[in-house]
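Worksheet: the structure to be examined is printed underneath.
Order of writing sets the chain letters: A, B, C, D, E, F and G. Residues in each chain are counted from 1.
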Amino acid sequence: MPSLGKFWNKFAKPKNIPRLFALVLGLLLIAGFLIPTALNPDQLYPRPTPQTQMDAGLSIAPYDRGGEILSAPGITKAQYPENSASLGWINSYMSPVADAIQSISPYFGTSIYSSPGGLIDEILYYTRGFDTILESSILMMAFIIASWLAINFTMDRKNDEEEIRKDVKLAISQSSNVENAVEESNRKARKRQARRER
Amino acid sequence: MNLMADILINVIIAFLAGSLLLGLHRKVMARVQLRPGPPIVQYLLHSLKFFFKEVSFPKTASMPFYIGITVILAGIWVTGVIVGPVAKGSLMILFGIYAIFKIVEHNSGSSSGSPYGKLSCVRAVFSAAGELPLFAVIGLVFLKTGSMNIADVIAYQSAHGPLIMSIPLAAIMLFALILTKSPYSPFAITKGKDIVSGFETEHYGVLRGYIMFSESIAFYILLWLFLTLFFGPISVVGYVIGMILITIITGVINAITPMLNPNHSVMSQITIAIVCIAGTVLMLVA
Amino acid sequence: MEELYYMIYILVFIIGLIAGLLLSYKKHMEPYIMSEIDIPSLILAIVGWFFLLNHGLIRFASPVICLAIAFLFIGYVIGRRPGYGRRETAIGIAIAAIVWISTSGVLF
Amino acid sequence: MLDLAIWVYAGLALAIFGSLAMVIGPGVKDPIIRTINSEVASVGVCLVLLSYNHTLALLTLIATTVVITLILLRAVSRLEEIGADV
Amino acid sequence: MLELINMTTISIALMIIGAIGVVLLTKPLDKVIMVSVLEAGLFLAIATFKYLDVAFLTAMLDPLSIIVFLIALMKIYNVRKSKMDDYSTIDNLEIIKENDGELNERPFKEAR
Amino acid sequence: MVVDIVPQFVPAFFQSMYVPVLYGGLIVAFIGLMGIAIEKRDIQILILTDLAGLAMLIIVAAVGTDLAEALVLPGLVVELAETLAISEILIAREMRKAEDARSFAPMPLNMDMEIMTTAPNFISLVLIGYGIFLSGFTGGAVAGGGIVLFALSRKIRGLPVVVIDGVGAISGISWCLWIIGFLLFFMMPQYWLLSLFLAAFGLLLKVASKMGLIGILMREEYGRR
Amino acid sequence: MVIESLGGDLFGTIPLGDIVLYLNPLHLFLFVTILLFTVLIAVSRTETQIEALFGSLEENEVKVGKKEFKQRRFLAIICGIATAGAMITGDLFNFTLFMALIGIVNIGIVSAVKQVSVLDSAYQYGLIAMMCGLPLFGGAAIILAATGTLSLFELQTLPLNAMVVFGALMMLVGVAGESGIAPFYASKAEMFRTPGSPFILIIHLSSLFIIVRFVEILLILIPVI
């Protein structure tokens, strides 16, 4: 019983948790090799075999999905076509610049079809646009957190004179501490270097 | 009958019956520990008393929240009565109510600024794991009966016999949850006496009244859920006897067990849950 | 309507409990030390438990009223100070149970 | 067809090799070496994306790999500078 | 023999050599050089697939990643070097070594 | 003709490659996770989580449809953003631990690389222009790469708080553009072209401006004297 | 059919292209509750933590600074909205995205504090949140590969499939890690020691609600009967 308690106690330390999680997840992944896996051929938004469009010499390979600019929609196999009124228009659209590049060379398909218009844009902005909104919100939140931390903690605060004055006072009052700390950190660094070289 | 009247009556029944059961629980514990113990009606009197006491607020509290949380607590348990005994609705909603209960527990602890409340709040997060048995139970009930609606579950039981016969380990798991929620339980880390009264420490007066009101409804609903899910359509007398029995059993258990340390409490609940889930799945498959 | 009756029973029971508690505090200043039986509460207990278990036998009043009275009396006896009212309750239950068994036809 | 499969397998091999190198490669106790090793795995993933014709994803991956490396190296060097032993 | 020398094999060979080099060499600067070999292989692979625009971008971003590596390496090298230089005397080092355990016990900074 | 361009079902190539690629992804994930499980130091674990992200990319890409690619794209950028945020937390934690002993300014770097004075302007200009042409997540990432390089090669140091605020404002506004575009798609489908441009350039601005922030951070770190 | 038996009859759907949000009594209840809490958070002040100092008669006050307060309130509100979204979404990938958003915002809410121990657990939790990208997105991708769809309406009618179960299990591990239920509770629970009760409430609220919602999704994905 006491050993069970000790075992349980290991779960209570935050530092162990990511490693525990990785272990559990890794063990679960082994199950992925044991079950039968196969790709269901009936997928949404299927794409042709790689390089067939390139070999056929289509100028906007590998993203040619049919349709004509502003006159006929392209092909999109969406989940709920009834929910998207102008389905297929975006992947047939090409901005004027893209159109110009298309006539120059057959090797710029990717850039042409990722400038506004194209299948990926159709999926990203239209049929699954809500996903993209979320993705970009995740992005925004992560950057807000990072920039907040950077401004307030980790960056050089040249413009925040108040803060710096406070810090300087603190530093002066604790200069002996500082000395010790610097020394110690150097010692640590040295030890670490030694460990690395060993 | 009028729906509103139905709800009102059921809430009152839940409150009064829950209070009496909690009083009985305390009495049983006292008798096991060879004390006379307070009268059974004492818990109810306490709850009523608090409604007439003066309210005071800590200077450090997080203001609208500190009050709002108790109102929400009472609100969710009234919803619990509506979903459970009145409408016999989805088990998922009851599960959601338990989740919110956890949050309220958590937050009424932290909103006061008291260190005891804070500890209780952190422990509430720890013991979120205690909800895992409930989730497993309703999952297993769903797998067995094919529906989450309590009315459907009752109908299934009247056709196929009570569920306690077919999935007894799930019943044990839910019983462990009842044990967790009962006062002075070995698992009740959020209200352990080492942190005074846990999350309720700083709530006085009407606010405390609301909390006690909700606690009695919560206890009643949990017992009701247990009896309904596993013993099928039983009569009122059956409910009364069942509730009293469970209360007595939990009282005896709580009286003779010490409180576990938070981490051990969580992990032992999880262990019970895992063992019971594995056992039930094996039984279902076999 | 069923729930309404249950609510009434519980309310009456609780009123009985509180009344019993208050009156017993007034009556007995000391904690439980005595050993003789309190006659009025014995009568109430017998009547209460009798009504509870045998309300089918009583024709002059509706079962709801019988049960309400039964719960009131039972509550009054149970709800007294710790220790008081235990014997009375036991005797009440015994008598009511005997009557119930003899009339319900379990034995025959 | 075979031609494409070779690319996929090469990409997977690189990815697995790179991940092994990241975990148990020589000298990975030094975070810088570990970060540089991560480049191998990411090139492997690039190859898989390329042979699947996910070219837009490939473009994005190439662009973000640079920035992720930059971020990781910043963290490493800043931590060294603070003298933190993490 | 000669038919083996086509863009496919060359690019894969470059990548494999680069990968092995990156992993086996332990000096950071050597590693960076091998990274550029690796990325040259990737560039060639993309060119084999005829995506000129992607290849163009790779050609732009590869040097960028090398620059990033170089800057970071220089910085870390500087940091480590300055930490090493800060020891005033050898004696100091000895003392610290003797008192190693004790110094480790001492909290780096008093808790808040 | 049209049927030739887009097949009805997933081609045989993807079907036959799915299992190897999935297994490859799982192996990479497994190796990475086991690495995390045995590793003890915080910064090392942060570097290793990168591997989990790569494994995720392989598993998602293995589906081999356009949808899979659309799911990969933002996943990449999100991974990047999370790495940034978490590494920032790590640094903040270590600085708090040692706060009274350190100055906030990172050590200046004394270096003189030829490439840092000539290349950046050109490369970053090309990258930014190309990124604007691409638009969307990809364009944002590419243009952002250019901005990072540009900011990195400047000589000034110090905290341009105003600049960061400005970056934040731009990305907020572009996020709103994007929302407006998204709603337009469903409210007034006839304006799909307008919504497309709103969405594409909103996203471009957003991702690129965020990358610009990384550039400023890096300039702090690697700024020269 | 499964959806009805889980949460009651459908009230209606909100179609946004391929992503269809839907409402039934369960979701409505959760949705309204979470919005209620979010409003409450938006108007609340924070509490002050008072701790007795060891060995003396003085006491220590821990307050939330004004800048910190604004930042954390903003993130808390976003977290509330994201949780509300996760309650009503009818698309698997959308759900995982909401999860990821909640994860990163949770880290953000505690990242602004000054206690080193809290920052430490935020960092550890952040590592888990980053690793969770693999099981969440990977699990969704495996389900997509096995069934060809991500919409819960389509998934509920499909027969049982070993790959779907595997994908669902992966997602379960991801949700367990991200929402910090046992045995992964420690890193998340330690984050709650910081002051700012309304904001840390939303962390707990969101994770519990996600669990409730995920139970429903799990039962939709694995149709046993």
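As a working rule, a residue touches a chain if its C-beta (ideal position, glycine included) is under 8 Å from a C-beta of that chain, and two chains touch if they have at least 3 such contacts.
Note that the structure is predicted; figures quoted are calculated from it, not measured.
Centrality by C-alpha centroid: the chain sitting nearest the overall protein C-alpha mean is G. Set against the Cα centre of chain G, the chain with the most distant centre is C.
Set against one another, A-G and F-G show the most C-beta pairs in contact at A-G.
When chain centres are set by their Cα atoms, the one at the greatest distance from chain A is C. Centre-to-centre separation between chain D and chain G, using Cα means, comes to 30 Å. Rounded to whole angstrom, the centroid-to-centroid distance between chain D and chain E, based on C-alpha atoms, equals 11 Å. Chain B and chain G have Cα centroids separated by 24 Å. Mean C-alpha position of chain C lies 80 Å from that of chain D.
Touching two or more other chains at once is no residue of chain C.
For chain B, residues that reach two or more other chains under the stated contact definition are 267.
Counting partner chains per residue, chain E shows two or more touched chains at residues 49, 51, 54, 57, 61, 64, 68, 72, 75, 79-80, 83, 108-109.
Interface residues of chain F, counted against chain G in their complex, comprise 18, 22, 25, 29, 33, 36, 42, 45-46, 49, 52-53, 55-56, 59-60, 62-63, 67-68, 71, 75, 78-79, 81-83, 85-86, 88-90, 92-93, 96-97, 185-186. Those residues of chain C that touch chain B in the complex are listed here as 1-4, 6-7, 10-11, 13-14, 17-18, 21, 31-32, 78-83.
Touching chain F in their complex are the following residues of chain E: 57, 60-61, 63-64, 67-68, 70-72, 74-75, 78-79, 82, 108-109.
The part of chain A that touches chain G in the complex is made up of residues 11-18, 20-22, 24-25, 28-29, 31-32, 35-44, 78-80, 83-84, 126-131, 134-135, 137-138, 141-142, 144-145, 148-149, 152. Taken in their complex, chain D has these residues touching chain F: 1, 4-5, 8-9, 12, 15-16, 19-20, 22-24, 28, 31, 34-35, 38, 41-42, 45, 48-49, 52, 54, 56-57, 59-61, 63-64, 66-68, 70-72, 74-79, 81-84, 86.
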